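I've put the structures underneath this note.
Shared chain: chain A. Partners: chain B in the first complex, chain C in the second.
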Partner chain A sequence: MFDAIVIGAGPAGANAAIILSENGLKTALIDEQRDAGGQVWRVKSKSILKAPITEAVEQGDALRDRLKSSNVTAKFNCRVWHIERQENGHWQLSVVGDSEKKLTTKALIIATGAQERVIPVPGWTLPGVFGLAGATALFKEHMMAPMRRTIVAGNGPLLFYVASETLRLGGRVSAVISLNSRMDWLKSLPAMLSNPALIGQGLKWIFTLYKNRIPIYWQHAIKAVEGENTVDGVTICKVDQDWAPVAGTDQYIHGENLCYGQGLMPAVEATRLAGADHHYDEKLGGWVPTIDQWGRTSMSGLYACGDNAGIYGALAAPIRGSLAAEAVCEDAGINLKKRVDSKKLKAAKNFGLAATALTIPRSGLEALITDETEVCRCEGIIRQEIDFEIKTGAQSPNAIKSGTRCGMGPCGGRYCMEAIALITQHRTRKTREEIGLPTARPPLRPVTIDDISDDLDYDDLPIPGVSPL
Partner chain B sequence: MTDGNNDHILRSKEISFIFDGVSVTGHDGETVAAALLRGGITHLRNAPNSGTPRGMFCIMGACQECVIEIDGRKVEACRTTISEGLVIRRVPDV
Partner chain C sequence: MMPIFDIAIIGGGIMGCGAALRLADGGMRPIILEQGDIGQGASGVNAGTLSMQIKRVKLMPYAIRGHEEWQHMGDAVGFHKTGGYTLAFNDREAELLHDRMSMKKEAGANISFVSPKQLNEFEPHLAGKVIAASYCPDDGYANSSLTGQYYRKKIDENGINFIEGFKVTNIRSTSEGYEIASNGRTVVASRILIACGGWSKHIAAMLGVELPIRARINTVSVTERAPRLISGVIGHATGLLTMKQKENGTILIGGGWQGKGRPEEGRGQVSVDSLVPNLQLAKFVLPALSNIRIVRSWTGFEANVPDFYPLAGALPNRDNAFILGCVRGGFTIGPYISKLMGDYILGKEPEMPLFDPARKMEEGKLI
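Presenting the complex of A and B:
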């Protein structure tokens, strides 16, 4: 039994765990990666023996060092697949990758970070298409860029990071395709000026692209990814203010990889499965747990911090982790000495909000999802089937799911539910809040029968006696 | 994948493993996904139902597109580390 368990060892969760343990709470930290850092400070692969130190590596290493010298029980390569509330108000986690199958705790902090929004277009399932965030994982963990030519497409700041990092790691970039216009970026600059260092970094990325004469197509979208078994290139088109495709503007661009994504959304499966209240806030990246300013959710003993409680980004994450730790301590009757610098948090949040604003989905995006596009990658459900369900009465993701199997595959609906909501919104004119999300169900990650069954001894099975006849 | 102009990155020794009957080399300790990408192998399986080709997509253990088979178990290529002589099969088309 722990006083506190933190799920997710990124900058928010790991920081929260360290503070809790410094204040005398018996704390465990769980993450599916092999060490702390999350996505933004992702730990390097063991195969990298020596490499130049970057700022992200420095920050990640500092966090990992702090964690190692703390009393936190770190459980890495460990996945939580179920969260249940016990009658006494404690939490029970079902896990794989640990010596125990069940862990219990009085307080539970969820710091599961973000997941990627990827709008389905014809061919987006082809090998050679990677999520934008997926590409960053490749850079950070393996210090590799995709081989041959890479096309980078989508929106937000991640586009320019991925393109310039691909070049830095020796890759080639065919083009950058940005849904955002130059004007979108100009509008977001004042809010971003709260952090001149990051603005400077962003300008450096864009300068690298200009220096390498990489074409940037502003206000353009991927219309289709072309190729038979792998990517050969993409068809792009202009989009209007709402990001709907403009007819007669198609162009073909050659490339063997496509790094593709439309921003980050809070990863709320864990807080939803735990039973906390959520609401939809597009400024925060989508569905978020409803929390107070420290991170207390609607359920006692359950807290949320970091990007899964609203996409404010990596700058704000450690501070939000501190806040959640403060709340846990206070609720446990412990008076915390250090207090969070609220001015610093506000500046960090403003920067994060400005970056997220560039990725808020616009109404035209659904028009990029053609009739034949596979929307649910796992089950191979095409848009036409989803439209048919809606036409014949389905009004919610649950109804569409039961009718088509959309979202029932191994990814758990992570990569199709956003598109389903956009299509439903277009067809029914309902708000995202009205459309809702499908019922949260375990497992949070795919598990094998071995993983979830208790130890079984065949000799223990009760065998009924022989029938009298 | 390319190491391009990254001579300043020092990697572990190369080892070999088997993917779908073919010998592939990778650096000791890296993931199957990284080693396969470096070897130019991206098409890992075909999707059930639609039969369309699939490979690594999210590279962080969420999408399940890169599942491969090791010792009869389905595992994610992006979360599994290579070792000398490791035998990996394609997940059969269903």
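Presenting the complex of A and C:
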């Protein structure tokens, strides 16, 4: 039994865990990865013995060092698959990859971070297509860039990071395709000026691209990924203000890899499974748990911090972790020694929000998903089938899922539900809030029966009562 | 307000939609009021088992007719007649299996006993620890998740009105009928039929009628796609396991293991304490399951009353009010008993007797 468990060892979660343990709470920190750092400060693979020291490496190492010298019980390579609230208000986590199968805690902080938004277009499932954030994991953990020519497409700042990192790691970039216009970026500058260091970093990325004469197509979208068995290139087109394709503007660009994504969304499966209230806020990246300024959710003993509670970004994450830890301590009757610097938080949040603003989906995106585009890649469901289901009366993600199998595969709808929502919004004119999400169900990730149970002694099986005759 | 509809049906599942279709056919003008989406409650989340071997003896004639209805719906609901086996692993279960299946056979189900050796020929992947088994060639399954799609289309084609997202907050009875309210919207009808499964107790209470309805919270799980491991519907002598492999290779695992929650609080939750033994039992029966991933587990509410027989008839002490629910084996029997209910409301003599909700109920015997 722990006083507090934190799920997710990124900058928000790991920092929260360290603070909780410093304040005398028996704390566990759980993460799927082999060490702390999350996505942004992702730990290098064991096979990399030496690497250039970047800022992310420094910050990640500092966090990992702090964690090692703390009293936090770190459980890495450990995966939570179910979250249940017990009658006494405590939380029970079902896990794989630990010596225990169940962990219980009085307070639960969820810091599961973000997931990618990828708008399906024809050919997006071809080998050679990476998610933008997926590509960053490859860079950070394995220091690998895709071979041959890479096209980088989508929106937001990640675009320029991925393109310049590909170059730094020895890859080749044939073009950057940005949904955002130059004007979008100019508009976001004032808010971003709250952090000159990061602005400088961003400019350095763009400068690297100019220096290497990489063409940047502003206000353009991927219309189709071309190729028979792997990527040969992409057809791009100009988009209007709403990101709808402009007819007659198609161009073909060669490349063997495509790094592709439209920003980050809060990873809310865990808070949803736990039963907390959620709402839709496009400024925060999508569906978020409804929280107070410290991260208390609608359920007592359940807290959320980091990008899963709104995409404020890596800068704000550690501070938000501190805030959640503060709330847990306060609710446990402990007075925290250190208080959060609210000015620093505000500046960090403003910067994060400005970056997220560049990725807010616009109404035209839906038009990029053609009739034949595979929307649900687990079950092979194309857009036409979803349109038909909506046209014949399905009004909710649950109904669409039941009728088409969209979202019933191993990914649990993580990939397709955003596209389903955009299509539903287009067809029904309902708000995202009205459309809602499908019911949250365990397991959070697929698990085998061997993962979650021991062998059965048949006579020990708890047979409740036989059904009535 | 003058009633516009002849009958308001609370609940857009199999029972409500089935009754609506019959009533419309008989000349009435029904409206279906559904709190969520059509066919997304218990009708859409149950394991879809259409097995004679797990039906109650007294309900067997209804189950046989219900099974025919599903067969008739066919591909549109993913109907498959695969045959099914019920297994026993120790002497106590073998005795139970023999006693129960003999009685069900007597009641009209096409059930026979097979030797473990015969079983092994048909289902070679099952654990070799079976000591007795029964077989019914009529057993099979339908795809419950298609229930909503199927009935929405049917009621649409028949011009039946329905409102989704209509969560009843108040019912007022007037001299003309019933005024049913939901967050500012009101529907007026001359009659009312309660057909909302686990939520029926709550709705009946709005009419001042207390019914001894309880809700079971049944758990179902589905695996990722797997190579062909079983061909028929597999059951367990105790009734604590149902298993079937769909055409796409996914394996659906049920058996009525209990989750948590109450209908008033939403959809119910999966409990690890019952899910794990459910899956352990499945793996015991089908060892190859051990390395196949579980993709999703969920729950659905199954309403019942103490004697585990249906509520199907007039609501006690109320005029023009009816209830249909608590049918054990409701997925199989629903399409048929809802027709009987429709006939009853239309003033016709139903083909088979209904189940008076006002009867005295004794606690059903659990063997």
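For the reader, a short list of remarks on this structure follows.
Here is the rule we use: the second predicted complex is superposed on the first by the 455 of 469 C-alpha atoms of A that agree within 3 Å, B and C clash if a C-alpha of one lies under 4 Å from a C-alpha of the other, contacts with A are read in each partner's own complex, and residues count from 1 in each chain.
Please note the rule applied: a residue touches a chain if its C-beta (ideal position, glycine included) is under 8 Å from a C-beta of that chain, and two chains touch if they have at least 3 such contacts.
Since this is a predicted model, take the numbers as computed values, not measurements.
Of the two partner chains placed by superposition, only chain B is touched by A:Gly128; chain C is not. By the document's definition of touching, of the two partners only chain B reaches A:Gly170; chain C does not.
Within the superposed three-chain model, A:Met143 lies in touch with chain B and out of touch with chain C [touch as defined at top].
Shared-chain residue A:Glu389: touches chain C; no touch with chain B.
In the superposition on chain A, A:Ser47 makes contact with chain B only, not with chain C.
By the touch criterion defined above, A:Pro410 reaches both chain B and chain C. Applying the stated contact rule after C-alpha superposition, one finds that A:Pro442 touches chain C and leaves chain B untouched. The interface of chain A with chain B overlaps its interface with chain C at residues 409-410, 446, 448. Taken in their complex, chain B has these residues touching chain A: 1-6, 8-12, 26-31, 34, 37-38, 40, 42-44, 47-65, 67, 73-74, 78-79, 81. Interface residues of chain C facing chain A in the complex, by the touch rule stated above, are 36-40, 44, 54, 56-57, 89-90, 96, 100, 103, 129, 145-149, 152-153, 156, 164-165, 222, 224, 238-240, 256-258, 260, 267, 269-272, 275-277, 279-284, 289-298, 308, 328, 364-367. On chain A, the positions that touch chain C within their shared complex are 82, 84, 92, 94, 102, 275, 389, 392-396, 398-399, 401-403, 405, 408-410, 412, 439, 441-443, 446-450, 452-453, 456, 458, 461-469. The touching residues of chain A, when paired with chain B in their complex, are 32, 39, 45-52, 115-116, 125-131, 133-135, 137-138, 141-147, 169-171, 228-230, 374, 377-380, 382, 409-411, 414-415, 445-446, 448.
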